[in-house]
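First chain written, first letter: the chains are A, B, C and D, and each begins at residue 1.
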Amino acid sequence: MTNPIVERERGLVELERRIAELRDVNVDQPVDMSPEIAALEQKYEEILREVFGNLSPWMKVHMARHPNRPTALDYIDAFERFDELHGDRHFRDDPAIVGGFGLLCGRPVIAIGEQRGRDTKENLRRNFGMPSPEGYRKVRRLAHLAARLRVPIITFVDTKGADPGISSEEHAQSEAIAMCLYEFSQARVPIVATVVGEGGSGGALALAIADHVIMLEHSTYSVASPEGCAAILWSDASKAEEAAARLKLTAQDLQGFGIVDEIVPEPLGGAHRDREAVIARVLGSIDAAVSRLAAMPPDRLLEERYRKYRRLGSWESGQQESDGSHA
Amino acid sequence: MTNPIVERERGLVELERRIAELRDVNVDQPVDMSPEIAALEQKYEEILREVFGNLSPWMKVHMARHPNRPTALDYIDAFERFDELHGDRHFRDDPAIVGGFGLLCGRPVIAIGEQRGRDTKENLRRNFGMPSPEGYRKVRRLAHLAARLRVPIITFVDTKGADPGISSEEHAQSEAIAMCLYEFSQARVPIVATVVGEGGSGGALALAIADHVIMLEHSTYSVASPEGCAAILWSDASKAEEAAARLKLTAQDLQGFGIVDEIVPEPLGGAHRDREAVIARVLGSIDAAVSRLAAMPPDRLLEERYRKYRRLGSWESGQQESDGSHA
Amino acid sequence: MPMPEWLRIRRGKHADQRDAALWSKCPVCGEVLYRRDLAANLFVCTKCGHHFRMSAYDRISMLIDGDFTEIGTEVATGDPLGWVDKKTYPVKIAADREKSGINEGVVCGVGSIDGFDVALAVMDFHFRGGTMGTVVGERITMLLEEARKRKLPCVIFTASGGARMEEGMFALMQMAKTTAAVARFMNDGNFFVTVLTDPTTGGVSASFAFESDVIVAEPKAMIGFAGRRVIEQTIRQKLPDEFQTAEFLLEKGAIDMVVTRAELKPTLVRLLEYAAGGRRAS
Amino acid sequence: MPMPEWLRIRRGKHADQRDAALWSKCPVCGEVLYRRDLAANLFVCTKCGHHFRMSAYDRISMLIDGDFTEIGTEVATGDPLGWVDKKTYPVKIAADREKSGINEGVVCGVGSIDGFDVALAVMDFHFRGGTMGTVVGERITMLLEEARKRKLPCVIFTASGGARMEEGMFALMQMAKTTAAVARFMNDGNFFVTVLTDPTTGGVSASFAFESDVIVAEPKAMIGFAGRRVIEQTIRQKLPDEFQTAEFLLEKGAIDMVVTRAELKPTLVRLLEYAAGGRRAS
């Protein structure tokens, strides 16, 4: 399936190339072509805004899946330091999950991410970022280690969902995800989760029970992939675009619902158009959140985490309770 | 390999048959043959004592391996009630380990045992009682459940050792055993272990860190099987008999060392010659130990368990310390 | 199975409607069974032993001694996304209520099973395929909080097609909410049993269903995270029939026991007895 | 690698004896290496990168900044079973002491690694194949107790053929004793790292080696519970070369990282830094 964002970018490449050529040529010319170049550049900016300025939910889904979009390791490798730890200690090291000790703004953390491949070969090795039970068991082990050593947990969410293969079912994928949720709901250390790409279903939530949830401006987070939702509800995966709109899976929708705490802006056209700036911004947001949370006594941290999730979806007689009267 | 105990029993079968025949015949005869029968029976008793009265360590190894010797499930099935729980929740249910909730003398317990087969078919299914990592992970899970619910742990040890196969190594047999030791050393509930047959190496110890360790009179418990020890030290497994003598693997030796707390006597000729009596005696001993241990506050229970193992093998300048001065 | 008075009142007119269906056909062996005989046999086919899916109230009356005090009845379905496709979400919900005779996908409450006080939740596949939305998550959380407060053991019967799409991320968040409640409940040393019935998949499977002390399943129940069709589409081949059945999971070590419906109540009573220190509560 | 004064004293005449051996042959590529060059290269073959087994004191001097305060030197080998085969056990021990230049299978103590105070145990395969008897168990337990008291991180280098036969069940009990000490140490929130070197098998592998927070291994180190020969005899076939190597275990998820000896000290320092909250102790 072609990615419509990538398609649109291809359309812009020709214009970008012409502007660059004109700039090169201009240097050697007797006649100054700067006004023409400026006009073209303005035009280009207009087109950019036109094309990327107001992305529909469906376009955001594709932005979240963009092949050049920074992945978990792009953020983690920008830490001052990272030492990867491997394995579930039982069966396998799942390359769809990366995790280990990191140093972020001078503070030791456990960083864990869902890792897509950045090319076809890596995608095959990393199973397109869809973790197996062994991967989730590595997550749980590392979260437990963090809690033992009183080190914050930083996660990067980026998955279509948990691996839907035979051996994943044979190795109790349900149990593996459930026990991640269990561990994260109890870990007596600050947890900050950032949805950097696609946050798909329980496979994403397994890394995203957190005291502070960040989303990138164009990342998505949903109960099921739009394709999956359309197949489930209407037995028609081609209605994915409609599902994307109905599911309210954008960062903006979810912040409105109180499910997401912070949105980190992306440059026009998406995070991959200025990777370094986006990565720096994300790490800055994470550090600010960790600093705030690290100052809280663990009992209060846990109590607030409980209340936060306790509140979500408390309706009485069809009315949302804003303060969780059942808590 | 033939079991010399079984061989000796075969020699007695003919005599047993003759005595039984004579008894049958005697009823219908005008002449009373009771004196002759009594004489034969006395003779039989003498032979029994001669053959089984003073078993060498090597003979005890074979007694411990006797195919008719009561297995873990023979004891567990004699509980008032038993509900087996299965699986490691990750990969497999290992039939070499049985475990679950039981009711023993009115008290709920978690019972766990290493289970040999009682015939060839069952032996294949149960891997001759040699547990895989999945089995040890089931042990750990059940021990953890017991600790959570504050229910005593009762184990039955009967294994040549942990499974030495390829997939056991691939699934981290070392880690599986180590984490059993870890769990048992911390579980805040009484633990009573009984070596009912062969206690072989780390695979046995994985179920045998306990507040009270019982051995049957003719069971064995050793750092390695005599065959393994002979192969390791002298590259000659045929010297197993010598190794059996040197290893001090009998219940009597180990009680002397303070490694075993109680010995349950067996009838002349071994536990299988009066299964019900032996099983009742073992369960009685377990119940007595649990009753005593259950009265202790968990902190003291744990402290005493720690001291007990802390003491074992504290020598200074070649001298055994009897009270663990390093503790 | 005679219907207790409290149950007759709770079900209202639906009880009569449902009993009006005189016979059911076994989907496995094709046997046509009189509904009264089927109910008397705990909804197990008298010919082939197939375990029919049960309604929540039938389950409850099969297990609970006398009275059953429901929890969370005041929690009603909302429409957080303002969902519309062919119909609005509230219209769908109303239709399911009418059809199923219950008002949401789970019934929760406190009662006793053979003398053991217990907090009990029973999901019902007949209501939107047992999908977990905010009402299911909220009621189960309320039940776990009540059980924790009263130190009661908790038993949850699962039956679920997964998360409820029409509530979007609010549905997914119920996995987090219920898990947090489970963790608090279990950390206090309380006993938690789940009984997985056909089918238990998706977000319910990957949360409280697999977080319990003891996981029981009914024979042939379909249990998994990913749905069978999704896996078949992914791997592009047919899966064997036994894949994801309770028996398959037992062999794979994922669950503790497979128990027939006839043995289910006695088994639960024994488990409750172990956890209660061998004594009945009353 | 210059030998620190404390080390020279501790080793006594053995230090001179050992240095007298001028060259070593690489068991992998056959290259003949001058011992001084080999030592300067951290006992890694300069041609093929093979990691030679190291003596405990060489390890310690490779890691520890300055002084190293040994723990448990007073604990000496006993003879609990009165073992005799071709020789008595005490005679075997005396011969191993003479040959290896150390007095038992592990050296334990407290020192600092690049500024981080640490409790360090290093097993030595040259002493009875690194087998664990009561002295190894006792010293490691003493070290863990000291580390717990002083809230120091603990690093243990393993190298072991398993339990020491000549001490029978007392050897097996060291698995229980060390594990109990590990559990107490870790329950207090202290940091525990093990470095598995060639070979790590049997009772050491199945106790503290695999109970740590982070498991590091050296390249190609043989690691497993059952020995290779035992498995081959059981399954009656040859095992592939990579079976039970560190790299094999990494793929199987059993260990955290495989680290070359050149990278070992910097890696340990980084791990200690994470666990220390990013600050050096002094």
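Keep this in mind: contacts are C-beta pairs under 8 Å (C-beta built on N, C-alpha and C of every residue); 3 or more make two chains touch, one makes a residue touch a chain.
The structure presented is a predicted model; accordingly, all values stated were derived computationally and were not measured.
> Chains shared as neighbours by chain A and chain C?
Output, common partners of chain A and chain C: B.
> Just give me the whole-number Å value for how far the CA centre of chain A lies from that of chain D.
Chain centroid spacing, chain A to chain D, equals 42 Å.
> Could you grab the centroid distance between chain A and chain B? Build each centroid from C-alpha atoms only and quote it in angstrom.
Centres of chain A and chain B (C-alpha means) sit 54 Å apart.
> Centre to centre, by mean C-alpha position, how many angstrom separate chain C and chain D?
53
> On chain D, where are the residues touching two or more other chains?
210, 252-254
> Two or more other chains touching the same residue: where does that happen in chain B?
Chain B, residues with two or more chain partners: 89-91, 170-172, 175.
> Chains as vertices, touching pairs as edges: which of line, ring, star, complete or other describes this one?
Other.
> Can you identify all of the chain pairs that touch?
The set of touching chain pairs is A-B, A-C, A-D, B-C, B-D.
> Name, in rising order, each residue of chain A that touches chain C in their complex.
162, 164-166, 168-175, 177-179, 181-182, 185-186, 201-202, 205-206, 209, 221-224, 228-229, 232-234, 242, 246-249, 254, 257, 259, 305-306, 309-310, 312-320, 326
> Show me the residue ranges of chain C that touch chain A in the complex, using the header's touch definition.
Those residues of chain C that touch chain A are 74-81, 83-85, 90, 133-135, 137-138, 141-142, 145, 162-163, 165-177, 179-184, 187, 202-203, 205-211, 223-226, 230-231, 234-235, 239, 243-244, 249, 252-254.
> Considering the complex alone, what residue numbers of chain A touch chain D?
81, 83-94, 101, 103, 106-108, 134, 138, 145, 148-151
> Across the complex, what residues on chain A touch chain B?
89-91, 133, 137, 170-172, 175-176
> Residues of chain D touching chain A in their complex?
186, 189, 191, 210, 213-215, 250-257, 267, 270-271, 273-275, 277-278
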